[in-house]
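Following this line, the structures themselves.
Next come two complexes built around chain A: one with chain B, the other with chain C.
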Partner chain A sequence: MQIDYYAYRSNINNWNAGFKVLLAMGTLCLVIALDKTAVSLFVIMFFGILTLGVGKTPARIYLHFMTVPLAFMICSGIAIAVQFAGSPVGEWNISLHFFYLCLTRSSVALAAKVFLKGIAGMSALYMMAFSTPMHEIIDVMRKLHLPRLFIELMSLIYRYIFILFDVAEKMQTAAKARLGYQSFRQSFRTFAGVVGNLFLISLKKANAYYDALLSRGYDGKIEFLADEKQIRPWQIGGCACYFTILIFLWYVCK
Partner chain B sequence: MTKTQKRVLKFSIMFALVFAVCPTVSAMHIMEGYLPPAFCIAWGIVCIPFLVKGFYSIKKIFTENQKTITILAMAGAYIFVISALKIPSVTGSCSHMTGTGLGAILFGPCTVSILGIIVLIFQAILLAHGGLTTLGANTFSMAIAGPFVSFGVYALCKKCRVNKNVGVFLAAMLGDLFTYCVTSIQLALTYQNEGGSIVSSAAEFFGVFVPTQLPLAVVEGLLTVLIMMALENYAKPELKAIGFEKSV
Partner chain C sequence: MERSLLTVKNLYFSYDDKAVLKDINVNIRRGERVAVMGSNGAGKSTFFLNLNGVLHPEQGQIYLEGKQIGKKDLKELRKRVGFVFQDADSQIIAATVKAEISFGPMNMELGREEVEKRVRDAVSYMDLDKLKDRPPHYLSGGEKKRVSIADILAMEPELLIFDEPMAALDPVNADNVERILNRLHDDGKTLLIATHDVDFAYRYADRILVFSDGELIADGTPVDIFHREKIMERAHLKQPEMLVIWEALRAAGLVAFDSRYPVTSNQVAKEIAHIKVKKEGES
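Let's turn to the complex of A and B:
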């Protein structure tokens, strides 16, 4: 949950939230729609500079978040690159007696291309996440006229996540202090106990929070306020230039 | 600790030792940028009827009793938090539960579909699990297919009078496994091998994910059983309050 903390500290936090969401989502759509390695590389570079250089997010944190889906990247990369075949085909193959594991030049190229597309998508998404606190993103969704109940649930869930994390952490510390994670056997039992107890506490808190809502005049609607941030002309210009370059790159590579 | 709890615990330890569990970070969220636009949109459209149904069922619950808003929100936060807690494992590598099985058993599959999509948005933005363009595909596999299978298995076991713990275990484990199956099929449809059929590609993706995900599914099943036992011991009134006894 550190990401929220860095979002508030980012230098591009004062940009208009809708603008950032539009930039990130537009890029995401273009990256997967244009489907070109050059476009992906440009996007990785552009958003890397934007997040690290302009936003001043610590590089260590940025890299950490980029490597979170590493397991998925490796597994799916292997599955895309390797093919089963009855006869030795492709540039490289390993015989496993019954069948062959084959790597063809095109399949490896495809795996690399998809890998880059994934990284490009992540860097666009993380420009947004590392500079826009969650409540501003939810506010953008509200402006898009998503159902009111959905937006209210999202805002409340977001707040409650921190409360429950806090409780879970305290319970885990308490269990640790009592040698709850001493052995594998013990940690299994402790984990189940913590999760079960968390459920109880969350329901108790839900009751208390409903009382709190009522005492503040809750009548089926919750209003959340957000401060308005202006879009500057140079931001629109830069955004237009950026999308033009993306299209241009795609046109050149075509 | 009751006798059954002890038995489950013993079984889980045996299992863990036999398989030397070393699952990696939950690898079944399809990453940002991995699906082409047509598939992103198609999977999104597949989700819509389920989400609409889920939304109306939530809305109905809400209009009947406004108090449920905080309970629903807490349920969503609960699913998010248990999916972010580290599961104990021998090797110390970190892995997580999906929590969808437990959620489906506790809150019902319709509610979980809406809570699930919210949790998936938060996971994509806050934890780097999954992505926004792949949200449709991930929602279908994790917030719709998995919970519906879990709930179906749970209800079926209850109807056939199978031991309750066995039912919970099967529900959580099969729900988990089915999620991986759906993810594999989604990836296989997208990255079909030249000359290979969809089935062989799906088998290939599943084969790559199985070594990490099968032990994880079994561990999740066992943990869910232990959690449900703890809940039945300590939280009977609360379970009744959310309509758990009624729902099946």
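Let's turn to the complex of A and C:
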């Protein structure tokens, strides 16, 4: 939800959405396929500069969102780096009486590599997420000829999720004002009430929304006028340079 | 007399077993400004949904310019009768203002250029240029209302239905909406407006329809309706303030007993100033 808000304010919001999706997805594939630390480091830097420097997404927000996958990646990094053994092997080890926790130089290197790859992939995806509102990404999917039902559902969910959150928040505030969240037990009961009511309200509103659709001539398909943002020559040039550098780095490190 | 635009004859409608509309007969003429009044649950919204082709009358007929509307003409009805919902959020479905306004015209299967033109016209009519690429969930209540009106304008209907257009708006935004309604009237649109605001209905409408319990209990000019106490009582209405003041001035013999009925506070103020001038002249 919050990401969407920052996407609208990003300076690279005016770039063509398909272009950004291609850039992010292409990078994601290359980072995995090329599998080089240098490539990962370059990608992290490149997209960091793109999102923070060019897009002007606040660094605090960017770092905050980075910590979410970071936690997972640190956990999996540890799992890769640490090995269990019956005897003290590897460069570093700790005895835990029954067995040893061992770290070898190669396992640490592998963990670091995987970790950096993960971060690189995330920074590419975050560049897309922090600069492209959801509906533009849905438009790109439409152009890729994904099933109509899927696309329409996505766009309706995107619209209504904001209304749902809005109503839920109002109900929660009203409950708070009546001391509904005073104790732990009370909070549980209030929460159940809010969720139950939310469901009933949703059903009722769904009818009103459907009437509103019909009254504007809805007959089975939802279509809007979509604006195409222009791709500029320098963007294509930059993109080509970027991918060339990636391949070049890979070639040098081989 | 103006040509009739929409005629409703013997219309009945019920939800499940509950009769919501009973024997409604109305003839709406082109260019009229009609206020539709009545307490909550009197059947106004159901009436509107029938006029707009979303609900189908159980009995009775709807005629558009004399042509009876059958099941196959519903699309035509929805095209030519636009409905602005009370809650803008229940109407808005797209992710940007521009996309939102294009939804109606897109459904009408117009060419892309025509859709673009209509969206452009509606955007400039409702003064939404600055907001056209914004997502609806970051708009204020007044802005959303303007978007929901532009939605319908882009379909270029002849008859526009508004369900309580000023509800939940601050005074400035409510004034804005009233100005828009005036402009629409000047541009020759026919308007049907549900409202609880007696002062607004009194100064704005040429004609008032009063609903109570699913029946159309009165149909007349504002001055006529607001003098019928029984009707007002049944429909939970009260006299507009300007009318109360005017009647008091009349009773006190300060203004002439003629057919003039000033409707705005400015008009009444002018009349009062006029009395003072007259009195000073006499003494």
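Here is the rule we use: the second predicted complex is superposed on the first by the 253 of 254 C-alpha atoms of A that agree within 3 Å, B and C clash if a C-alpha of one lies under 4 Å from a C-alpha of the other, contacts with A are read in each partner's own complex, and residues count from 1 in each chain.
FYI, a contact is a pair of C-beta atoms (placed from the backbone, for glycine too) under 8 Å apart; a residue touches a chain by one contact, two chains touch by 3 or more.
No experiment lies behind these values; they were computed from the predicted model shown.
Once the two complexes are laid over each other on the shared chain, residue contacts for A:Ala192 go to chain B alone; chain C is not touched.
Once the two complexes are laid over each other on the shared chain, residue contacts for A:Ile236 go to neither chain B nor chain C. In the superposed pair of complexes, A:Ile247 makes contact with neither chain B nor chain C. Using the contact criterion defined above for the overlaid structures, shared-chain residue A:Ile94 touches neither chain B nor chain C, since it reaches no partner. The larger set of touched chain A residues comes from B, when the choice is between chain B and chain C. Of the two partner chains placed by superposition, only chain C is touched by A:Arg216; chain B is not.
When the two structures are aligned on the shared chain, A:Ile49 is found in touch with neither chain B nor chain C. Contacts of A:Ala109 after superposition on the shared chain: neither chain B nor chain C is touched. In the superposition on chain A, contact is made by A:Met73 with chain B only, not with chain C. Look at A:Leu146: by the touch rule set out above, it reaches neither chain B nor chain C.
On chain A, the patch touched by chain B and the patch touched by chain C overlap at residues 4, 134, 156, 158, 163, 205, 209, 213, 218.
In the complex of the two chains, the chain C residues touching chain A come out as 49, 52-54, 75, 78-79, 82-83, 85, 87, 89-96, 98-100, 102-104, 106-108, 112, 115-116, 119, 133-138, 151-152, 155.
Partner chain C is touched in their complex by these residues of chain A: 4-5, 8, 133-135, 138, 155-156, 158-159, 162-163, 166, 205, 208-209, 211-219, 222-227. Across the complex, chain B is touched by residues 1, 3-4, 25, 28-29, 31-33, 35, 40, 65-66, 68-73, 75-76, 78-80, 82-85, 104, 106-107, 110, 114, 117-122, 125-126, 128-129, 134, 137, 147, 149-150, 152-154, 156-158, 160-161, 163-165, 168, 181, 184-185, 187-200, 202-207, 209-210, 213, 218, 220 of chain A. On the chain B side of its complex with chain A, the touching residues are 1, 9, 12-13, 16, 24-25, 27-37, 40, 55, 58-59, 62, 66-67, 69-78, 80-82, 84-85, 87-90, 106, 114-115, 118-119, 121-122, 124-129, 131-133, 187, 191, 193-196, 200, 204-205, 207-209, 212, 222-223, 226-227, 229-231, 234-235, 238, 241-242.
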